[in-house]
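Consider the two complexes below, in which subunit A is the common component and subunit B and subunit C are the respective partners.
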Partner chain A sequence: MSVVMFFLAAGAAIIGAIGVVTLRNPLYSVLALVCHLVALAALFLLLRAEFVAAAQVVVYAGAVMVLYVFVVAYVGGGEEVSAGSTLRILGPLFALALAVELFIALLGSALSGIHRYGAPYKLGFGTPEQIGRLFLTDYLFPFEVASLLLLVAAIGAVVLARRRRGLEEGALELKDLLAMPRPAYTGTIAEGVGVRRVREQLEQAHGGVTEVVPAGAPGSEEQS
Partner chain B sequence: MIAFADVNYFEPWWIQIVKALLIFLVIFGVLPLLTVYERKLLGRFQHRYGPNRVGPYGLMQPLAEIVKFARKEAFRPTGSVGFLFRLAPAISILTAVGGLALIPWGNVQNILGTRIGLYGIDVSIGPLYVFALGGISFYGILLGGWASGSKYSFLGSMRAAAQLISYEVSQGLALVGVLITAQTLSLTGIVNAQRGMWYFIPQIVGFLIFMVASFAETNRAPFDLVEADAELVGGYFTEYGGTGFVAYLFAEYVNMMVVSAMAATLFLGGWLLPFGIHPPGWVDPFVVLAKMMLFMTLFIWIRATLPRLRYDQLMSFGWKVLLPLATLNLLVTAIIVVH
Partner chain C sequence: MALDWYLAVSALIFCIGAGGVLVRRNPLVVLLCLELMLNAANLALITFARMHGGEAGQIFALIVMVVAACEVTVGLGLLVAISRRNLPIDVDKLHELNG
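Now for the complex of A and B:
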């Protein structure tokens, strides 16, 4: 049973990995990567690393790849991306170098892993309890450093996103947009909230109001 | 063969198959009745009768509808992507049904001399399993909308996906409070830890956050912006008809059942009864089912009561109210438990 599962998962992982680099449509490429990651999670399960398998699916397939899919589905249409000519030559070279290195490592161990049983299984291995204990005892320092790194990355993302949204000097800000005179019944959010706020801002900006949408504007009812 | 968790006893492989079949059959027997229940209840809320023509009290209504859906022509739009269009509902229903395996229906029972746990599997990672499935179910929704080749479907699926990942964070954090209190991840362990007091009393904030997030997760009213018919026709399954549509519909209902069962297990003491009543072991699954029905009724009641949120309200509520609240709940729980 476990042998069948292993070959199924390993095959899916390899097919997914090949699909990532060969498929031309970016969305299919991303989906192939998802397939690869889920197959890896299945392999982790076979190694009794349940927590790692769940984390793999939750973090990679469920969060990281979701962002990829979002971006590709929004931006990437049917157009195919083609790499530059230098990349096209360099890419396979690097892949070959990596493959040679891996094979050296594999053959260097004289394939002792194949004809022998693996490491003995201890009860409770790979459970969240054990992993949590190791994180808070033996690997406390790397754990804290990694969490600090993630915190820095999160703050950095917020800072970068704020700057790009146009909060520099002289840029058009939200309050400027609100103060612009605009025809009624254009379905803005401010109208949905209620007109009082808009009216106040209009009065502040221009000293008068031309036209104001009544609170319960016709056509705004929704039916479930 | 050992199951995934350290169950401390061995179950023959055929018992696991029997259990899987039994859970599947019971749930898919209850499911059509649930749709009638929802429509009947909604009818009563809206001063009408609801379905009452097919069979006694309209109970045969789902049967007629299944026949209707199954006999529909399986067409797809010209702009759609064939295999993804067919695959997406399958992913949705697969992940929904996968969640059923985790529901603990009862403790380990002694049936005809063998010890059998009244649950599909009792994994050591517990709720993480459900979150992993939830992560994959995202692809069922998004691919369904994307592969339809329709603007309405695509926007609906984008909304659904954004909603799913926004509220999953709060749901997970609300859950951690329970896990810290119970000090285990195993769902049967969590139920057994509630023998003194059900967790919805000490974890009331977590319970409320979990329920709100669950409504958003399952795309039910008032968070059903995904299928806001006034704006999006039918959301990500606009272009689906016949069996694909039924698959999405069933996936939604199975997800509701799984979430109800999780809420009953984590906060309402699973198969335990209050006031120290200890019924024989065979009553346990019915207790869980009754508690699930309680939550299903709540789902329907809320649908009949509350109007739909606006999209920006949904997002700001999820990130600016629910998430900080869940974090605060987690911190307070951790401090109380450690001291």
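Now for the complex of A and C:
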């Protein structure tokens, strides 16, 4: 029974992996990866890693893949132009060489001689209780570092993907920003550098900017 | 089921992922292929945990999942920033940092 389950799950995992690489539409790639992850969770269950299997389905197939689907929908998976580069040929060759090397290492190692069928099963192996105990005793430091890493990644993603004011249409334009009253000698470096150019453009367009920039703004002092 | 079969599956998935990273040009799919490689490593770690009868490998696998989640978050954030600036979504054309 476990042999049948293994071959089913392994086949699904490998087919899913091939689907991720070969499918043209990124959305289908994401769906193939979901299939791959679920099959992998079944393999984890066969290896008696219950908690990791559950975490795999909930965290990966649940949360991370939803994030992927949203980003595919946002970015709009553009069709790839067929790559004519040398990597097109070298990539599969490299993967093949890597596979041959890994299989030589696998067959040549003494791993299969030592524990071909694994250590005898202990009751409670891989349960959340056992994993939690290890996380809070032996592996406390990696646990804390992982939480810090998650925090940094969350803040980093928000900073990277946030909406920047002034870059998109419909937002305040630069001349409105310049006209905004603010204390003297404040403002960003970009504005300080860009002031001269924008004022020249405005002067060409409107024949003078005295009505746009109020007295007291740093731009007017520089130019007068 | 002998455990070396699991290692063979893991090696195969890793190679498929590595080939995908090299061949595909959409950064989104490159990230997906990186996920494949990390998952192959996870499978190997859990196989070793089963082999030795200790949970350390499973702890490692969980930490790898955390790292993968962080990588995905930052990578997708970069991707959203790229698409917001209307830059091409193509790793061959995004070589501004190349010098």
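Assume the second predicted complex is superposed on the first by the 133 of 224 C-alpha atoms of A that agree within 3 Å, B and C clash if a C-alpha of one lies under 4 Å from a C-alpha of the other, contacts with A are read in each partner's own complex, and residues count from 1 in each chain.
Note that contacts are C-beta pairs under 8 Å (C-beta built on N, C-alpha and C of every residue); 3 or more make two chains touch, one makes a residue touch a chain.
These numbers were taken from a predicted model, which means no experiment stands behind them.
When the shared chain is aligned, no partner comes close enough to touch A:136: not subunit B, not subunit C.
After overlaying the two complexes on the shared chain, residue contacts for A:106 are found with subunit C alone; subunit B is out of touch. In the superposition on chain A, A:51 makes contact with both subunit B and subunit C. Of the two partner chains, subunit C is the only one touched by A:122; subunit B is not.
Of the two partner chains, neither subunit B nor subunit C is touched by A:8. Of the two partner chains, subunit B is the only one that A:66 touches; subunit C does not reach it.
Residue by residue along subunit A, subunit B and subunit C are tallied for touches, and C comes out ahead. The interface of subunit A with subunit B overlaps its interface with subunit C at residues 51, 55, 63, 74. Of all residues in subunit B, only 1, 4, 6, 123-125, 128-129, 131-132, 134-136, 138-139, 142-143, 146, 154, 158, 161, 165, 185, 221, 224, 228-230, 307-308, 310, 312 touch subunit A in the complex they form. Listed in rising order, the residues of subunit A touching subunit B in the complex are 1, 27, 31, 34, 38, 41, 45, 50-51, 53-55, 57-58, 61-63, 66, 69-70, 73-74, 123-124, 127-129, 189, 192, 222-224.
On the subunit A side of its complex with subunit C, the touching residues are 2-3, 6, 10, 13-14, 17-18, 20-21, 26, 29-30, 33, 36-37, 40, 43-44, 46-49, 51-52, 55-56, 59-60, 63-64, 67-68, 71-72, 74-78, 80-81, 83, 85, 87-88, 90-92, 94-96, 98-99, 102-103, 106, 111-112, 114-122, 125-126, 130-131, 134-135, 138-139, 142, 146, 149-150, 152-154, 156-161, 163, 167-168. Put simply, subunit C touches subunit A in their complex at residues 1-9, 11-20, 22-26, 28-29, 31-33, 35-36, 39, 42-43, 46-47, 49-56, 58-59, 61-63, 65-74, 76-81, 83-85, 89-90, 92.
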